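Read from first to last, the chains carry the letters A, B and C; within each, the first residue is number 1.
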Amino acid sequence: MPARDGIAAQCSVLDIRDYTLDYETPHGVPVQALRNVSLSIRPGRTMGLVGESGSGKTSLAWAIMRYLPANAAERSGRIELLGEDLRTKSDEEVQNLRGRRISMVFQDPGTSLNPVLRLGEQIAEALTRHRGFSAKEAREESEAWLARTGISRPADMMNRYPHEASGGEKQRVVIATAFACNPEVIIFDEPTTALDIITARQILDLFDDLHDETGVTALYISHDLGLVSRVAQDIAMIDRGEIVEQGACEEVFGRPRHEYTRGLLAAVPHPDRRIVDAAPAAAGNLLDLKGVNVSYGERKSILGFLEPKREVVRGARDVSFGVKPGEILGIVGESGSGKSTLAKVLAGLQEFEGTVEFDSRTYSRRRDIDREYRRTVQIVFQHPDASLNPRQTIGKILSRPLKLYNQLSRSEIARRIRELLRSVLLPEEYSARFPHELSGGEKQRVAIARAFAAEPQLVICDEITSSLDVSVQAAVARLLVELQQQTGTACLFITHDLNLVRQLAHRIAVMQNGDLVDLFETSQARAEERHSYTRQLLDAVPVLLDSGRQGRDS
Amino acid sequence: MSELVRSPTGMVGLALLSVVAVAVVFGSVLAPYDPQAFHPAVRLTGPSAAHWLGTDQFGRDIFSRLLTGASSTILFGVGATALGVLAGSVIGVTAGVVGGWVDSVIMRTLDGLLAVPDLLFTLLIVTFLGGGAGEAMLAVAVAFTPGMARIARSSVLSIRTREYVLAAVARDESQAYIIGQEVIPNAIGPIIVEATIRVSFAIMIGATLGFLGLGAQPPSTEWGLMVAEARQYMYRSPWVVAVPGIAIAVSALGFNLFGDALRDAFVTRGRR
Amino acid sequence: MSPAYLLRRLLAVILVLWIVTIAVFAITMVLPGNAAIMILGEYATPDQVAALEERLGLNRPAAVQYFEWLFNLLQGDLGMSLRLSLPVSEVVGSAFANSAMLAATALVTVTVVAVPLGIFAALKRGTKTDLGISFLAYTGTAMPEFVTATLLLVIFAAPGNPLLPAGGFIPPGESIAGFFHHVILPAGALSFILTAHIARQVRSEMSDVLSSDYIRAARLKGMRERRVVRGHALPNSLAPAVAVISLDIGYLLGGIIVVEEIFAWPGLGRLLILALENRDLPVIQVITLLLAMVYALTNLISDLVIAALDPRVRYE
């Protein structure tokens, strides 16, 4: 890259100085998005920008791309690309710059590609626009770039529409587009968050390869510290619009100076930091699944001939396992693996074949599942926003299981609600509030309290932490484990977060395409006899070591 | 509610509806003249200090007729929509809740009924019921029922897969509790929004029926009928037809704007 | 698109039409108001009524009458008009053609005006232009056809030196200019409310497209605004526009009844009003069925057009 050779190594490619950004609101009081942000990225380095939702990390990306909404007010500072202040550029200059000198890879390839344009055209148009290629040249170059991003049949991919490609393939197309014009800087905005574990790993490897090959300077935005430690040499921590700490990766993660960094590092799940005691010794199983099958898409309607033939999908295939009293059993797998199907079967929400034995009673159909079962098996869902009825107060929500299962008086119910709120570390006044007045983490605590209100023997947790921020996630996980240990309730912890599940599960079951492929004691996660898919999953997930380096756990 | 008033559409809609509401409630009290009184001396005069909106072919005061006609015109729309929404919601909620072949049969029947244009459907019913304001209202209600049923059903179906409803099912709540406490309170929003927008259609259809002589009958001061009765004289004095015509448009506009503002308020709340 | 899909959709259309036949028949049978009395008038003697019922077969069980009617219909026998003593097919045939000409003129006008207007408003979102278009569109959707028609007549067809004729019809075979001269006002009255409604819907669809992630991505690739709008946004807003238009065709078919009546356009709408006044059951039933069929088929066609415009829609 001749453009880059002339630059001394110590000089920055992207240099942001003292940048402050507000958003004007109709009420008159502006919202502060970024405060005195200074950030510089040296040539060929990758800077990881780490923050939680609402920290301003995406606002910073928009500011660099000069893509700000009408109500944005830039109060001060400079954003320099090789010494040129981007803030002084005209619209025309910015348009010429975007995609050619700075480009961007987005979070969700499913929405960032135009659904009605062929994939090839979406790369080629950038090449004709910025590099003056003819249509034919642009096509050839696009194909070459697709090949470089590891697409096996690039010519074929060129002619496909986005919905005809997988998530990983689409993200490769987006990455190819970003690299195609040899930009000086590429901004990666959580490029693997919307992808499955193994695909995400492949995209990370691709990033490494392309970064090595092209020597491009990168800003890598993420909330995942483990992941950032793997891809970035430098780290900037952003919290509420301010960069609180900045430096080399080992420096920031190994010897964090700022309180916020320390807090976040402590919250990152780590397989070696167990947060549960050993499982209680138990003779028999509390729950036994025997040969459970679930299929979706079978035609039921009498007017079915008017509907298209649907493929029958197996949600679960001949799944058998047991859960011991007081045990936390983790179930992991990628999306579509059938882990949530199992949760629905066990919560009595899904038709199934096979048998479910619980507490010495046997159920072989959904309709058999009785109130006694439903009281003793409770479920907590993934989305705290959707799992609480928006029209009911927290008090009313928590009172339902109490009214349904116990004949309690009014005052006893009120007392129990207060107890429940205390047990999930929420103030008693919350009883009168509505769900929209609570934060995501608080709502999830209420959902947990509702599950424990029934004094169940088994709680099913279906991805309960996956829509929460890292620090909130850790707090919720700890709370769940505490409650679980106090009450001796067994727990089925369904997640795609392998580091988290290794922190708190006693045993782990691995699902793939509806099959249960592996089941083992958590301590045996790295044992030789693990299923190849289990090993693939474990290898795919970066683990943040205490030294701040990224590495493979033992 | 505050969001509603702050949006320009909501503000204008609310203002128009307030004017209309005053006319509906106090119209006959506020009317300066007897709306039926003939004044042969002042036939078809233009707006003046004595007759703000002029007089019609019999010298009747148009302003007074407009005020007294507000209730029959507007209440027609509100009443027909309310009946249609009620019947449609019952059918739609039943289809959505019961599911299976009942749902299939109901939905296919609705598809069939929806293939007949609203106005044609209304005309058929009103013809066989015999013309008149009450019959016309019933006809519009029946014509609205399939559309509302479909909206109610889809609203129920989308609510039924929400996690809080699944939680209630998993807890073993009774069907009655789930429908009454979890599904309906959350499904009602879109139904109300749609109903508000539909009132404007009902007003327009009602006035059209009046115009065709199949709705309100003379000597009613229903606005559509006013236009029909004055048509012969429209070239001589355009305001005789223009005034009631514009009044219909303004009322329909009010419900339209207000309904849209309601929808925006609901949608933004849902997104948060 | 598979042939199986087409077959399934055609079956669905037939099912819909079958339900319409039941509904139409039920309305004419079940509702109060004996057809014979309707025809003969309130002062008919019971003997006269019985005789007419006998002649028309109205005294047989409803199911028998229905199936006989349906059977005849399927064989192409639409029955006889009670009033005009002519075969229904003859009465309805030319009226259908006349209505189709009016509806097509209106539909073309609506599409040509409303879609660009909606897209333009979305591109100018938040500006005074957008506000002005939105205001017009809102006002337009609140104007029933009879009001628009009356106002158009007052403005353009006042006696003395009218710009346009107040009504009537000249077949295009006779004089193209004459046809257009006569079609302007009715088509205008019919188009006004639909243009307003469709422009509003298209604006909102186009706004959604313009605020989508892929439009942002295109801008951040440095694409010029022209390319973003024409190459990226427009292709995505066409399929929703077709869907919006096809839904409004039902409204158009209702509006045509009123407009034809006002402008004395010799089409299905005018014939229907006449038939309704005279309780001419066979004519009423056939017209209703015909309009429902047109609506069901246009919906099917629009689905096919949408499939051609949007690669994601692949009907199996």
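One rule holds for everything that comes next: contacts are C-beta pairs under 8 Å (C-beta built on N, C-alpha and C of every residue); 3 or more make two chains touch, one makes a residue touch a chain.
It should be emphasised that the depicted structure is a prediction, and the values quoted were computed from it without experimental measurement.
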| item | value |
| --- | --- |
| Joint neighbours of subunit C and subunit B, given as chain labels | A |
| Winner on C-beta contact pairs when A-B is weighed against A-C | A-C |
| Chain centre separation (subunit B, subunit C; CA means) in Å | 21 |
| Averaged-CA centre spacing for the pair subunit C and subunit A, given as whole angstrom | 49 |
| Multi-chain contact sites of subunit C, meaning residues that touch two or more partners | 12, 15 |
| Multi-chain contact sites of subunit A, meaning residues that touch two or more partners | none |
| Residues of subunit B touching at least two other chains | 108 |
| Residue ranges of subunit A in contact with subunit C within the complex | 65, 67, 70, 95-100, 103-104, 106, 108, 111-117, 125-126, 129-130, 161, 163, 174, 177, 305-309 |
| Interface residues, subunit A side, partner subunit B - complex | 26, 300-303, 347-349, 370-371, 374-375, 378-379, 381-383, 386-392, 400-401, 404, 436, 447, 450, 454 |
| Sites on subunit C touched by subunit A in the complex | 5, 8, 11-12, 15, 126, 212-224, 227, 231-232, 235-236, 309-312, 315-316 |
| Residue numbers on subunit C that touch subunit B, as the complex places them | 12, 15-20, 22-24, 27-28, 31-33, 138-139, 141-147, 150-151, 153-154, 158-159, 250-251, 253-255, 257-258, 261, 272-273, 276, 279, 284, 288, 291-292, 295-296 |
| Subunit A-touching residues of subunit B, taken from the complex the two chains share | 6, 100-101, 103-105, 108, 162-164, 166-173, 181-182, 185-186, 269, 272 |
